[in-house]
Structure formats: structure tokens, C-alpha cells
Amino acid sequence: MHDVKRRYVIPGDKIAEGNFRPLMNVIKSGNALIATRIGIAETGRDGVKVIPLSGVYIPRVNDLVIGKIIDHSSLSWEVDINSCFSAHLPAQDVFGRDFSPARDDMGKHFAIGDMITARVMAFDRTRDPMLTVQDRDLGKIPRGELLKISATRVPRLIGKRGSMIQTIEQATQTRVLIGQNGIVVVTGRNPEGIKLAVRAIRMVEEEAHTANLTQRIKMLLNVPDTPPQQEAQRVGAVGASKPDEIESTIDEVEEELEVEEEK
Amino acid sequence: MTQTRNLIDENGKRTDGRTVDELRTIKITVGRVKNADGSAFIEFGKNKIVAAVYGPREVHPKHMAQPDRCVLRCRYHMSPFSTDTRKNPAPSRREVEISKVMREALEPALMLEDYPRAAIDVFVEVLQSDGGSRCAGITAAAVALADAGINMRDLVAACAAGKVDDKIVLDINDTEDKEGGADMPVAYMPRLEQVTLLQLDGKLTPDQFNECIDKAIGGCKMVYEIQKQALMQKYFGNETELKEEIQQ
Amino acid sequence: MSASKRSTIIVEHLRKQQMWDALARGKRLDGRDFNEQRPLEIELDVIKKANGSARVKLGDSEVVAGVKVETGEPFEGLENKGALIVSAEVLPTASPHVEPGPPDEDVVELARVVDRGVRESEMIDLDQLVLVPGKTVYIIFVDCSVVNADGNLFDATSYAVVASLLSAKLPVFEMQDDKVVDTGNMQPMPITTVPVSITAARIGDYVLIDPNSEEEACMDARITITTADEGFCAIQKGFTGSFTVDQIKKAAETARIKGEAVRARLKELTGKNG
């Protein structure tokens, strides 16, 4: 149950005045809350924030990223994660504590140009990001179609609890791997399905800031749109008789808020 | 710079037909350079300038990185065919100075503490120059920085004013720059109301000085509206207003 | 001194896999055939202060060229000809891998190969650009700025240079009392022919024309062939791999055929018949 005021802003725009908490991409200047990026400003009960629409990916601990091996030293691989810094994957992470450069051949494990899924294990203002491939499902990506989107559109592509990406996967019979850093890999048996999934992903990227995107994606994929009743139940916080338009906008707001809060 | 001929006629028209308070036509296209993280192309009168931003990104050489903030690097450069007489491609002292004042004009607006150990590179290339190219370059660079998603306290808009035929005029063109009495480029952060670049080349009395700076700031505010419109157009298309209240 | 370099762009193994799959089917990743150029856009007269100018977009590679005319001393050994100087600069805006500074060996090569194509074809009738033999001649500067780099800068830059020369207007200079005077009249550039370059890259056994930056990052060798007047006037093999003689002959034939299409476009656009 909350009011959310939304507005398009550019850096320097005043979003609100008064006793609000400045959240991401917002600074307090005197009594005013100011946007520091181009994006969608949201004023809610817990504060004012701007969902950015452009900007290089800045790593956060625990992010799932897709990276490219670009070099290795005797102790670690250097990984391009499409960010302002190269990341490092320690050899110990792969070979274990008793790793020995003489015995364990780094070049055999990952070659230059290999794509991997990894998790950001450490990153702060004093050092480069450190990765791990320890978990299940992490490691070298054997095949698939590669896309790069702006990292700022990733929350929208995933959707609330994965709803947007699941819609795309199910409709196109593909599996879509999304890195928080904006790298996406699509795999599937059917080349037509892959092509359609790529189109849908590009559409989300371009129209992430607009209302009714979910509907338009469903149209592109030839998926029937679920009736308002069901949508209301999913959103939970809103009454059952709202028109579609506002419904899906709230959907989108919830998606972004929720995904952001998980961080 | 003492004038030798009249640059404003009896009807108050300048060499390009403008009045003393008129800005030249400005057109800004955002995102023009595909490989850059942010970019803008500006046509400011006859000036044609490309601004491209790469960053934040790794600093090379590594020893130039700073532990607690980002390094900002700016390059203002003119293509050999951009001026009346061909210009040698090697950087001139004028370009070196302008690169510096440009960096100092943009830095106050950027939140460089947010990107420690990284670099932000701003490249301003003048393809055709016609007076006021540093102001046009700063204007385009600020738009490119916003396009790149760099955290900024405010945009930076720039415009020059000057003295021609003993009158204070807005936005001087190439002829007025070469033959006029004084040239004052100004860069300004509109919301914070702060001046980030100010230079003067020529003689002004104290009254003329006040008039000149006021006029230039007025010009900066007009330039800001055009920057804003260009960014909104690129990012939000024709939907300039989002649905406001979404109430429970 | 020239030293081996690390490749600046490392192509992801997934993309390489897809590229090989596509090549085996006779296609490239962007859907083109091996002998297909990317869309070519040419805009003339973009720099009003120059005597001639052009902006070329070949795919996403974008180059602006400007012609400036001055007078001065002729080159040594060429006392009875006007002087032509072609230079190029890859602006640091063009890609994340460009460092600002003096041109490196790749950019020097680019400028010289483009210059060679124009000079050896004798595109400009330099005999007509002499004011005082041995002392004062027209000097034609053509400068190029690469704004965005996405592969095949050789062809993009060459087309920009040729288009700007074709559409250029020269001031008519005269000698009066040993001084050069601008009469205020204009004349067209004296053109004899229209040189066109076509660049091809070899990836494995496949030879593709007009490589984009991803294809260049995967290529083994590159060849730029400039044609004019039914024949060849400049060729440059580049990069660290090799070609078979057969591949070269085929590439030369393709360069003649594809070059003709680009030539027709340049002539039509500039109203010149060379």
C-alpha cells in the first residue's frame, strides 16, 4: 500500500523537496532531492531513487556475471566482465587450495576467449573484482548465442521473480542465461526459437522504461495475455478491478523495486 | 583586439543577420558515436563538433590511477579541415589550453568519488569551427557524459558573450571573434547556479563586464534547455511525461 | 621499428563457434554473403569551410574527409606537378582501444595505402595545378578523421577521400608580380579517373570482403586492392597470415567487379565522369 510518484529525469533535475531519504542515484542538496543520472525517478515512502537508463556495469558482491577470459598470470585468470575493471578468477578457486602452477596447467582449463558464468565474490573501492566459479551451474559456457545489452536493463529483462524472462523462455523453447553485467546467452534446439528470443530481448532493452511492455512482449511471442484478475493476485498489493494499463505499470514498478531491494 | 570596421549595421543586424541578443541555431544529437559509452554531436551555428565519452574504465598506465576518485581526461582537438586555413594535426598550444579549461569546466559537475581507481575520458573533436567552439564542445561533452550514465550533480551548459562595435552581444561568431573587441566564454551549472569556466580576451569596462557576464549566463540557460530536450528525446522519445500519481 | 602486438579485441569463443558455423553455410554472422559489402552511405559537402568534403559510413565505420587547398613549393623531383598530401587520423572517439597521440603504425599504413590508391591512379591531373614551374604550385591536402571504427577503415577512408576530391572546388589562383593572388573564381578539381579500393579478409579458407571489426579480430590475413581504368593501381597485403596465389587472383577479380559498383555510385553522386 503505497504512493509512488514517477518521473523521467536527467542529471541535475530536482525530484522532490523535503524530508525524504536519498536512495540510489539521488543526492540531497539543501532541501531538494536531485537526480544524478538519466532515468526514472521514483518518490515513495522509503525514499527517492532514480532507476538509471544508461551507465557502465559496476560490480556488486554476489552478482551473477558472464565474463570472457582475456589473459592469465601464473595465479589467476583475467576476466572481462564488461565493466570498468577487469575481474580476476583465482586459480585456487578452480584447482583447489593446493594449486601448483607447475602441475596444474591453467591454459588447459580455460582458453583465452572462453565465456564463463561466475559470481562476484569480492569487490570494493580498493581492489578489482574477484570471481568464483565454485557453485553448480557456474563455469565455462559450452554453446549458445551471445548478446550484449545495457546492464541497466537487466532487472527489467528478468522481471518480477523472473516473470519476464520465463515468459520469453517458455514461448520460444529456449534457455536464457542473464548476467547482471548485461551479457546474455541464449541456448535452444530450435534456431527460429532462438531468433525470436533474441528479438524479444532486444525489445525489452529498447523499451524498458515504457508502460505495457509485458503486453507487447506477449504479443510478439504470440502468448495470450493473462486476464486482469490473475494479474491482481500476483501483484498482491492492489485491488482486483484496476484497468490493465496501470496494472502492468505497477507490475513493472514492483519488479524493479523488488529486484533492487534484493541487492 | 581593437576593431577596424563596423560589425553591426544600422538596423542592429550582425554579420550573420542576428540581433545582439540572439543565439545561433543549435542542434544536438545524442548517441552519435556507436562505440562510445556516451556521445553527442552538436551543430552550434556553423560549428560541427563530436563529443565522445569512454568510462568509467581502467586507467592506463596504472600508476596514474587515484585510490579515492576517478581520473578525468579531456582532449579538445581540431581536425585539419575544420578551420579556414588548414591546421596541422599535431596538438597546438591553444588546443592544450582548451583541453585543460574544458576539463576544469566539467569536473565540478561530476561525482568522481563514485569511481575510484578508474578513468573517464572525454574526447571533443571539432570537425568544423566557427567561433565559440570551446563552448559548443563543453555543451556537447556534458550531454555525452549524461548519456554515458556518469553520476553528475548537474549538467554544464556553455555560451560566450562579447563586445562588438562597443555593444555587448550574445554568442559571438568567427568574424566577431577575430575582429571584435572582446570575447568571454562562460560555462555554467544551471541548477547549482555556479560558473565553472570563465575567460576573457579583450578590454571591458566594469559596467560592460557585468553586462557581458549576465548576458553569457542567460545564453547558458537557453543552451541548457536544448541539452535537456535532446536527452529527453533520445531516452524517452515523445513520452516526456510519465503517468504521475499511481495511488492505492 | 615494428613489433608483434597482442590483439586488442578478443572474440568470445561462442561468437567464433557461431562464425565458423555460418561460414560453413556460406554466410557471415551479420547475414551477408562473402562478396557483400555493408550498407554504404556517402554525404558530400559536410564541412563548408573545406574546399571539398565527404562523410562516409560503411556499416558502422564512419570517416569524415576534408580537402584544403593552398599554394607552395612543389615536391622535390616533381617540379612541374601540383602536390597532393593525404593524411588520416583515427580519432580517440572511434573505439575504446584508441590511445590519443601521434599515429601508430596501423594508422600510418592506412594513410599511405589510401594515398597510394589516389596517387598511383593519377586521379588528379597534377600537371594542371602548376602556377610557376619549379617554384609555386597548388598543394592539395586531404585529411581524414575516423569518427567510429567498425572494421575496414581502408575502404571507408578511401571512399571518403575520393568522394571529397570528386566534389571539391578549387580557387583559381594567378600570379601577379611574383605573388599568388586569389581571383575569386572557382574551378572543379581536374579529375582523370575514379580509383576504388576493395578490402578482403581471409578467415580459414574463406575470403570475405569488407570485414567488420569482429571479423578483423578473427582474420588471418587481409588484402586491399585498388582498381582504376580497368586495371589495378595499388595493392597492400596486411596482417600476419598469408594467402595462396589463387586466393589473391580471385580477390583481385572480385575487387574489379565490386569496385565497379562503388565507382558508379561515386560518379553518380558527384556528377563526375572521371
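Labels for the chains are A, B and C, by order of writing; each one numbers its residues from 1.
Operating definition for what follows: a residue touches a chain if its C-beta (ideal position, glycine included) is under 8 Å from a C-beta of that chain, and two chains touch if they have at least 3 such contacts.
Model, not experiment: these values are computed from the prediction.
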{"item": "Contact pairs, highest-scoring chain pair", "value": "A-B"}
{"item": "Chain closest to the middle, measuring from C-alpha centroids that were averaged per chain", "value": "B"}
{"item": "Interchain centroid distance [CA atoms averaged], chain A/chain B, Å", "value": "34"}
{"item": "Whole-Å gap between the CA centroids of chain B and chain C", "value": "32"}
{"item": "Centre distance in Å when chain A and chain C are each reduced to the mean of their C-alpha atoms", "value": "42"}
{"item": "Chain B: positions in contact with at least two other chains", "value": "57"}
{"item": "Residues of chain C defined as touching chain A within the complex", "value": "10-18"}
{"item": "Partner chain B, residues of chain C touching it in the complex", "value": "46-50, 53, 60, 62, 64-68, 70, 87, 89, 91-96, 99-100, 102, 141, 143, 145, 147-150"}
{"item": "Chain B to chain A touching residues, read off their complex", "value": "37-38, 55-58, 67-68, 109, 111, 115-118, 146-155, 189-192, 228, 231-232, 235-236, 239-248"}
{"item": "Contact set on chain B toward chain C in their complex", "value": "33-36, 39, 46, 48, 50-52, 54, 57, 60, 75, 77, 79-86, 89-90, 121, 123, 125, 127-130"}
{"item": "In the complex, chain A residues that touch chain C", "value": "68, 70, 80, 111-115, 141, 143-146, 185"}
